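Below, each structure is written out as structure tokens.
Consider the two complexes below, in which chain A is the common component and chain B and chain C are the respective partners.
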Partner chain A sequence: MSKQPTLLVRAYWAAAVLALAAAIAVVLFYTPDEVTMGPVQKIFYLHLPMAINTFFACLLVFVASIGYLWQRSLWWDDLAAAGAKVAVLLSSGVLATGMIWARSAWGQWWTWSPRLTFSLMLWLLYVVYLVVRTSVESGQRRAVVSAVYGITAFLDVPLVWLSARLMEDIHPSSVTLSGQMRVTLTLWFLPVTLMAAGLVLARFNLTRRIRERGLTMERRFHPTGMQVSQGVA
Partner chain B sequence: MTSVLRQALLIAVKDLRIESRSRQTLGLVVVLGILIVTVLGLGLGSQHMSGSAATAVLWVAYLFSGVLCFEKTMTVERQDGAMAGLLLAPLDRGVIYLGKLLSNLALMLAVAAVITPVGVLFFGFDLSAAPLAFFAILGMSMLGFAAVGTLFAAVVSSSRLQGGLLAMVVFPITLPLVIASTQLTARLSQEGQSWNGSAFAVLLAFDVIFLVASWLAFEWVIEP
Partner chain C sequence: MSSAHYAITAYVIGLGLMICYGLVLWRQSRAMHRRSRGGDRR
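Moving on, here comes the complex of A and B:
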């Protein structure tokens, strides 16, 4: 594998950055301010696509975890790890944008409203996934522990959502958007999704390369080709 | 079906017999639970503790003592290659899970049987409105908690790991259970509160989902 990013990768990231620039331009110059909340409402166009992509990243962790338990190939484990890292990144973004919005809309950074609580619990679930990975040393064992956790965590998500709803709600349950706002929102899905998918792929490729490098070095010292899995978190 | 239950009971009874002879876990865990209740009670100022605060304190005690119980029942198998023997026995792997679940559940209920009265005494908790409902909720919560704990104890304990990893893994997963259970219990202590159907549904769904999922996953993850 070459060290330089391929043309395809460069074109991909160029497209993602262009889409982001276009989306920012649209939000600044085209989209109208919301009547009651003012310009702060525009953070919503970043907030919602990140939230949706968090869900897909969690789904990826779930599918890759099942794939690992089924085929016992570290390929799946690396995919799950890449997905979880991006899930944590995205849900951190969701929490941060949500808190900024809450500060201006309700006057405080944090309330124990269902959706905030849900975002926090989801963030915790997947942060723990990453912590678990760093605390198990051997490759196969770590993969098993992470896979079981990845599956359980995803099964837990609907329950977390339902249990968070047992609390009282002040979060806007349905947002009414004008036509221009809807266009902006749709447009924002493009860069966020491109970047999330790109990050997953980049992380995944990096881990694969480290693993391959580790294995080739291992072969150099053990000409029998004894494969020792490397510590790639 | 009866043979499955009999085999699971054999494993559970074996675990409990080891526990009754070694007395390693239960004493430690019960004292730890009482300590937690005392420390939190003192810290929060037990004079005016609301129902939900009292149940939350109890849950902290259950969670920590539960994790210790799950760890102990699995470390028993790690000694002297007992796990290899258990896996070689002509049993379905799901039955091993069921047996471990039963012994964990028995230990947890024993612990709860001591910690809960202590909490009730300390915090002046009024259970007279619906004692049966309280025990039903507690039993269901313990079942869900033990279902997740047993699975992860099997996964986590098999390798040399840093302590506290089991707690780290089980706590975030059990959050919905804790929320649903505390909501239900807090309502019981307040007179005239309506029955919270959706909290009960979450509790039930948690039990069913994680019993089935853990039972299915167990045979993939258990190894000597």
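Moving on, here comes the complex of A and C:
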């Protein structure tokens, strides 16, 4: 397998950049301002795709963790780690954009409503996942601990999803959009999903290469030729 | 701060996070590629 970025990878990122440029142009010049909230409502076109992609990243950690416990292959563990890193990144974006919207719409940065509290918990759970990974030395032991934790942490995702629907919450559970607004929202899913998936793949490939390189170095320099540790968190 | 300023700030932070992480990964990937091409001199 070639270690250089292939034409396909370059084409993928070019498509993501083009989709992002188109989405920015649409939100600036095509989408009308919402009548009561004004331009701040446009945060929604970024906020929702980031939130949905956070759920997909958490789902990836969940599936990869099960995959690891089933097959005991570090390939799954690396995939889970890449998913968790992007989940933290995206949920940070969701919290930040949501807080900015709340400041303008509700007059306060934060309120302890069920949806917001479970979202903050989700962010914390995956930050702790990354901390746990760096705190366990042995490769296989780290993978087992992370997999069990990754499966458990996913339990918060349905809570975030259902909280605004089942409990009384200031956070809207559904939004009615006009035709142009619906087109904009649909369009924004493309660049955000392309970027999120691209970041997971890039992180995963980099981790695999570091691991392969680490193993090569250990075989070359360790007198017994045995694997000593697998230091990829 | 006006409503438009809040919107711009949110977009800069949200997209900025993803773009910055992408650039970090790109730099790490390039550094790794350069090291494996040049051979390890440890």
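Keep in mind that, in the parts below, the second predicted complex is superposed on the first by the 212 of 233 C-alpha atoms of A that agree within 3 Å, B and C clash if a C-alpha of one lies under 4 Å from a C-alpha of the other, contacts with A are read in each partner's own complex, and residues count from 1 in each chain.
The rule we apply is simple: contacts are C-beta pairs under 8 Å (C-beta built on N, C-alpha and C of every residue); 3 or more make two chains touch, one makes a residue touch a chain.
For clarity, every value in this text was computed on a predicted model and none was experimentally measured.
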item: Touching partner for A:160 - first (chain B), second (chain C), both, neither; value: first
item: Which of chain B and chain C A:136 touches, first, second, both or neither; value: first
item: Partner chain(s) touched by A:50 [first = chain B, second = chain C, both, neither]; value: second
item: Which of chain B and chain C A:194 touches, first, second, both or neither; value: neither
item: Touched partner set for A:148, first chain B, second chain C, both or neither; value: first
item: First, second, both or neither for A:104, with chain B first and chain C second; value: second
item: Chain C versus chain B, contacts on chain A by residue; value: C
item: Contacts of A:125 with chain B and chain C, given as first, second, both or neither; value: first
item: Which of chain B and chain C A:87 touches, first, second, both or neither; value: neither
item: Partner chain(s) touched by A:58 [first = chain B, second = chain C, both, neither]; value: neither
item: Contact residues common to both interfaces of chain A (with chain B and with chain C); value: none
item: For the chain C and chain A complex, residues of the former touching the latter; value: 1-4, 6-7, 9-11, 13-15, 17-18, 21-22, 25-26, 28-29, 32-33, 36, 40, 42
item: Chain A residues touching chain B - in the complex, by the definition given at the top; value: 69, 121, 124-125, 128, 131-132, 135-138, 141, 144-145, 148-149, 151-153, 155-156, 159-160, 162-167
item: Chain A partner contacts - residues on chain B that touch it in the complex; value: 148, 151-152, 155-156, 158-162, 165, 168-169, 172-173, 175-177, 179-180, 183, 196, 198-199, 201-202, 205-206, 209-210, 213, 217, 220-221
item: Chain C-touching residues of chain A, taken from the complex the two chains share; value: 3-5, 20, 24, 37-43, 46-47, 50, 86, 89-90, 92-93, 96-97, 100-101, 103-104, 192, 195-196, 198-199, 202-203, 205-206, 209-210, 213, 217
